[in-house]
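Across the two complexes that follow, chain A remains constant while its partner is chain B and subsequently chain C.
Presenting the complex of A and B:
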């Protein structure tokens, strides 16, 4: 496509905009290909492959629809929701994604045969927005959650979308409900985008209609006592994820069956479940978090290790952030490899185990103080160090999230437009 | 796919260097572009005047209003709110406030200047927060007038002193605080206020007070419900909020529902310490006696009392009055002087000097009187002379009848 030197670039762009759009789409599709998403086709209309922020309509709540704000101490995780929500439907029969909207918070009405109710055709995400020290609100790495959400969608047979459009819509939603974030530090807004299959037919087949919605929960200071460590319960007779399954996707069907095991752990006086897999009792995840161990190897080197993304592990955003940060620090080796209970026990008996902690959006890191395993309680010395790694990680991530300094991982919401 | 490459020459830095030479003080280069301004309407969950004034002050001190304008809507349980430089004893019936309405009437001093107003649940307060350079009182009042007309058909006139007036009676009082970088303009709206309580609380005695404090200009007031019985505080709150959001920041070109839906909408606000760190301290200051009464500009009170004949020494003395003058500074009695008429023997008053000096430094309230009575009934004086009792009774009356 040779360009006449005298032609204005703008005119050229306008004349070739159709081809440019095609190029943009094929770029998007090539990205999908690289990510390993095999289905791609030529789209005739935009709404076949995504909804758009530019078509978002907003209905603001009337004063009488608002909920009174409780005291910050009553903001327990996931129990209080904000005044508005985001919703967008997908209907294959109507050409794909419909117009997105922000509306006052309300219940959802479903056909009784909706696939989400029968076959758990559902996926969700969890991320947070933080009110920084400068008063601006920042989301933490939403692009990673969007990537993960689209992968989960493909796994559930649900439609994919352009993550950057959802980020813009969520920005607007947070902007409207931002007074639900207390002005004190250590407060955040938990963001829950969810995608469900709502097709009202009982066949176990791809859902032809879907609903993507996002709700927000204000969260007060998470840890009052900074020394809140957790005791784990590990029982190899329970399996959370298996090869060839979907344990590496954030789907509701992975979490429902864990509730009864969690209750068993609580009855034993523990706080979380340590999920084991296989004959060799591999350590996979803790509760709904990824797991890290920090130890000294036989040569006296310090190693930070975490299970690899082999299909059993959810690719956590905090997990990835920790690995990237540790890599930048360059102070110790980082390994993504299988870790077994025997190794943990051996390290602990030889006094080479330094720390074990979980990582997740809710509390960044959660230090582990003991594991109950096959009838014995294994103490973990995480809390016994003066300058533990988990604390350094937590402080660094807090500093980024609360805007102590500018960082590409936490972008203020107003600047995305 | 780099189909087209642009090279942009950096002209911008040249311009800023040139313009900088014309200004002696660098101004903040914030967006004065009013298209960027988003509006929120905050509804306070509290009915306590001190909490709400503290919230107002917190927002004024801590928020960045460059691209975000806020309207705060609040209601208080019965209270009298005086201006920053006013005298509560002149403006309100301080001694009786506790006995008006079931729970009594509070007294608060706000940070902005202006006159005294009475609040109860039939009154709606509106505060407009902006950056200093976006402050526009006329715009705000016009906006309220439009909201009321659009929803209730009441025609409101804006009087020369920027009061909102219906049928020549005031329905609103206005005050403002301008600072850097923020400013606010607030006003009251009488929707269905209890006028009997209002008059009792604000009833001023003509009682010989000399002061430089700002005096309120008393006007005839009207409740909006007298113009349209359908109006309620909740309804008005909603109407003003929507009008605020559908009107652009600097003009009256109605943006309709579309513009309103682009704003940030209504928000409930819980004005407690954990939501707004620092607000508890502000509230404590506002509620303190030192602020409400202690900040009164200095004034003097003079009262005269007819001397009963039995205290006069001779029958042909002209009945003159005993005059008591009390100087009050920072809410405390700084001096008490007596004009003693001839005929009232001075020998009987040797005790009263001490009585009077013991008053100095006391708060100009019942406390001082109690101390007065206590010191009088003390054994130092034994049986108190009737004349002493008369004088102290006069002094007491000066304080309680203000």
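Presenting the complex of A and C:
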């Protein structure tokens, strides 16, 4: 029996070019079989590590289930969904990840004690697919989203997986619903992978069952008026993230508590919250975006700065892309460092503040026009330049995303099988 | 039309003895009707404020749907649920709270974009019903849970309601499933009211639809071995709550991020996490419990202390009850104040530390035997006294809960209609 297991594992490694640790897991699995653990019997290999695109099954929607596609000019963020969705279950008692499926878009049925409904055992990602000027559909840097999603899973006690397998499944989903990718450069297809703990037991503990699903929605601009800059509300009595917490993971728990503060901002006539941290009122994030400041230092040098990844900051894909692009341009200094409100005020008073903007997948780049802070409104001159940096960044990212030229960050959905 | 509305409102106030503001809302509603807002047409009065027990409908489970009741000795926490559940929807577009229902226990069907699944728009409560020595079933201080639930709803941007209406609905649910209330003084019926945001739209924003549901489970001890004290793991690199956050609300977002730390504690051979805060390593909570310290000060006086409700601490019902009981006893000092790890260590070293224990609905009172902190294990002498305070508190609370004598904190479920 030991020989059989070894032979099986070796042949399997050769055939599938998997890593050796997979073989080790497979041997371990055979041991489990010998010991009579029934739930492992039906599995050819250990599926603790990941689900597999090669096992994906697809059930297409019936013609009567297909929905009408909206007019591109009417698209709002996250209101309309496509005809299909992706899902795959994880059940520890059944050996781990199950077979992935693409099915017609449908409601999710959950036990009322499911951990996601009580203890926020949940995380998500957001990325986009774009219909390029050449007709090809591309995703923007999905590998970075997959890395971050696995880090969020670890933070939530949920199972990790091989991100390249989910990318392949998402590609297939987008191919099936490809007519939902807007034929417009102002629009795109927002992709929302989500991982939730579905154990139907009360008690704050690791969820031994999970559901990973992905839904798609055609989207226009994230903010209602996309030509407008945003006014921010900064109140140091609210804190988004803190050392020793999970503010650098895309876990649901980072978002629910922000809604009451966002409502307060709206009542104040502002569009977004500027999240401060600490007694020195460090600038950390804006709404659900990273934040950048572009200014002139005392020696007359231009500097682009953003807060460092110190545990309080979500490691944004657009954030990282902006830093890399600016580095390639080599035209000004780039700093990842703490920025305080006092510094922003001083720069503004000394006319050395050029621009402030948020960055994120939903909005790409969002210019900031003012900050309400401690009872006064600080005007930010982002919109007062003829060739602002924020717009140059936005246009460069758009050009990559919509395939104006080939770029490794824009990955055609049919290129990764 | 204006006259009719007024007459209607007045008759309604007299008949139902509701507050005048309800009547004002009702008039307002009639104005909406005149203006032709269709969704208000079917409602006799404005249901923005609360749902009503008087509108409760009940669908009993078929005999074949009834589940076998478990043996009391095998009960674990939160594994088995009763035959029925309570639910009521809130839809802003339909005027607010809908009609409440008791139905057979069933899965919840959610849109895949439901805000609870992505942004942790969710909160819960935990309380218990006890079968007393006189056969009567009592809930323990449900009014306090209702107050806290409404505060959590405000923190989550979810709708509030009249807590006395939910208590009446829960009473009815428990009456229907009364045979599930264990006939044992070691056990009880755990009640889990939950409020989730169910809007099927992406975007971090207030949920305009919500579902309030309540499920019941017969429970034994919260910890596997109820005679055992707990060993704690205290690591200052993890923070549960922080100023400007929502750590004092029973929102799901406070729990998901704790699971990874709880797992670390288990790997260290500890049962629970002792949550520290700040550079002086303040003792804040233990697992999902409040914490108490009982010690002798330098003048030889006995003091019971617990951290203050400064925004970092969940305002526990058992915590408040312990403080009130100790105040009535008048035998030692009671303090709500900051407690640091340095103080705990000094008290232990000077043999002035008597006891430490956690308090919460699930466990009632849980004695602490050790704390692993900065690489050393600090023994806590809670179990080394012949008549420990924690046990006196526990027995007093049990006596109230199981109706050994009449007490206003233990409310019979048939007394509040």
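Rule of thumb we're sticking to: the second predicted complex is superposed on the first by the 364 of 417 C-alpha atoms of A that agree within 3 Å, B and C clash if a C-alpha of one lies under 4 Å from a C-alpha of the other, contacts with A are read in each partner's own complex, and residues count from 1 in each chain.
Convention: a residue touches a chain if its C-beta (ideal position, glycine included) is under 8 Å from a C-beta of that chain, and two chains touch if they have at least 3 such contacts.
In this text, all values refer to a predicted model and were calculated from it rather than measured experimentally.
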Tell me which partner A:109 touches in the superposition: chain B (first), chain C (second), both or neither.
-> second
Touch count on chain A, higher of chain B and chain C | C
May I ask you to decide whether A:176 touches chain B, chain C, both, or neither, giving the answer as first, second, both or neither?
-> first
Would you sort A:85 into first (chain B), second (chain C), both or neither based on which partner it touches?
-> second
Counting only touches as set out at the top, which of chain B and chain C does A:256 meet: first, second, both, neither?
-> second
Should A:239 be classified as contacting the first partner (chain B), the second (chain C), both, or neither?
-> second
If you stack the two complexes on chain A, which partner ends up touching A:135: first (chain B), second (chain C), both, or neither?
-> first
Looking at the overlay, does A:59 come into contact with chain B only (first), chain C only (second), both, or neither?
-> first
Using the superposition on chain A described above, determine whether A:70 touches chain B (first), chain C (second), both, or neither.
-> first
Just which bits of chain A does chain B share with chain C as contact spots?
-> none
Quick one: in the complex, what on chain C touches chain A?
-> 77-79, 81, 85, 105-114, 116-122, 124, 154-157, 190, 192, 194, 196, 201-206, 213, 215, 217, 222, 236-239, 242-246, 251-260, 262-263, 287-288
Per the touch rule above, chain A residues touching chain B in the complex are 1, 3, 9, 12-13, 20, 23, 27, 57-64, 66-73, 83-84, 135, 175-179, 182-184, 220, 414
Counting only contacts in the complex, chain B reaches chain A at residues 1, 3-4, 6, 38, 40, 42-43, 45, 62-64, 67, 234, 237-238, 241, 245, 260-270, 272, 274-277
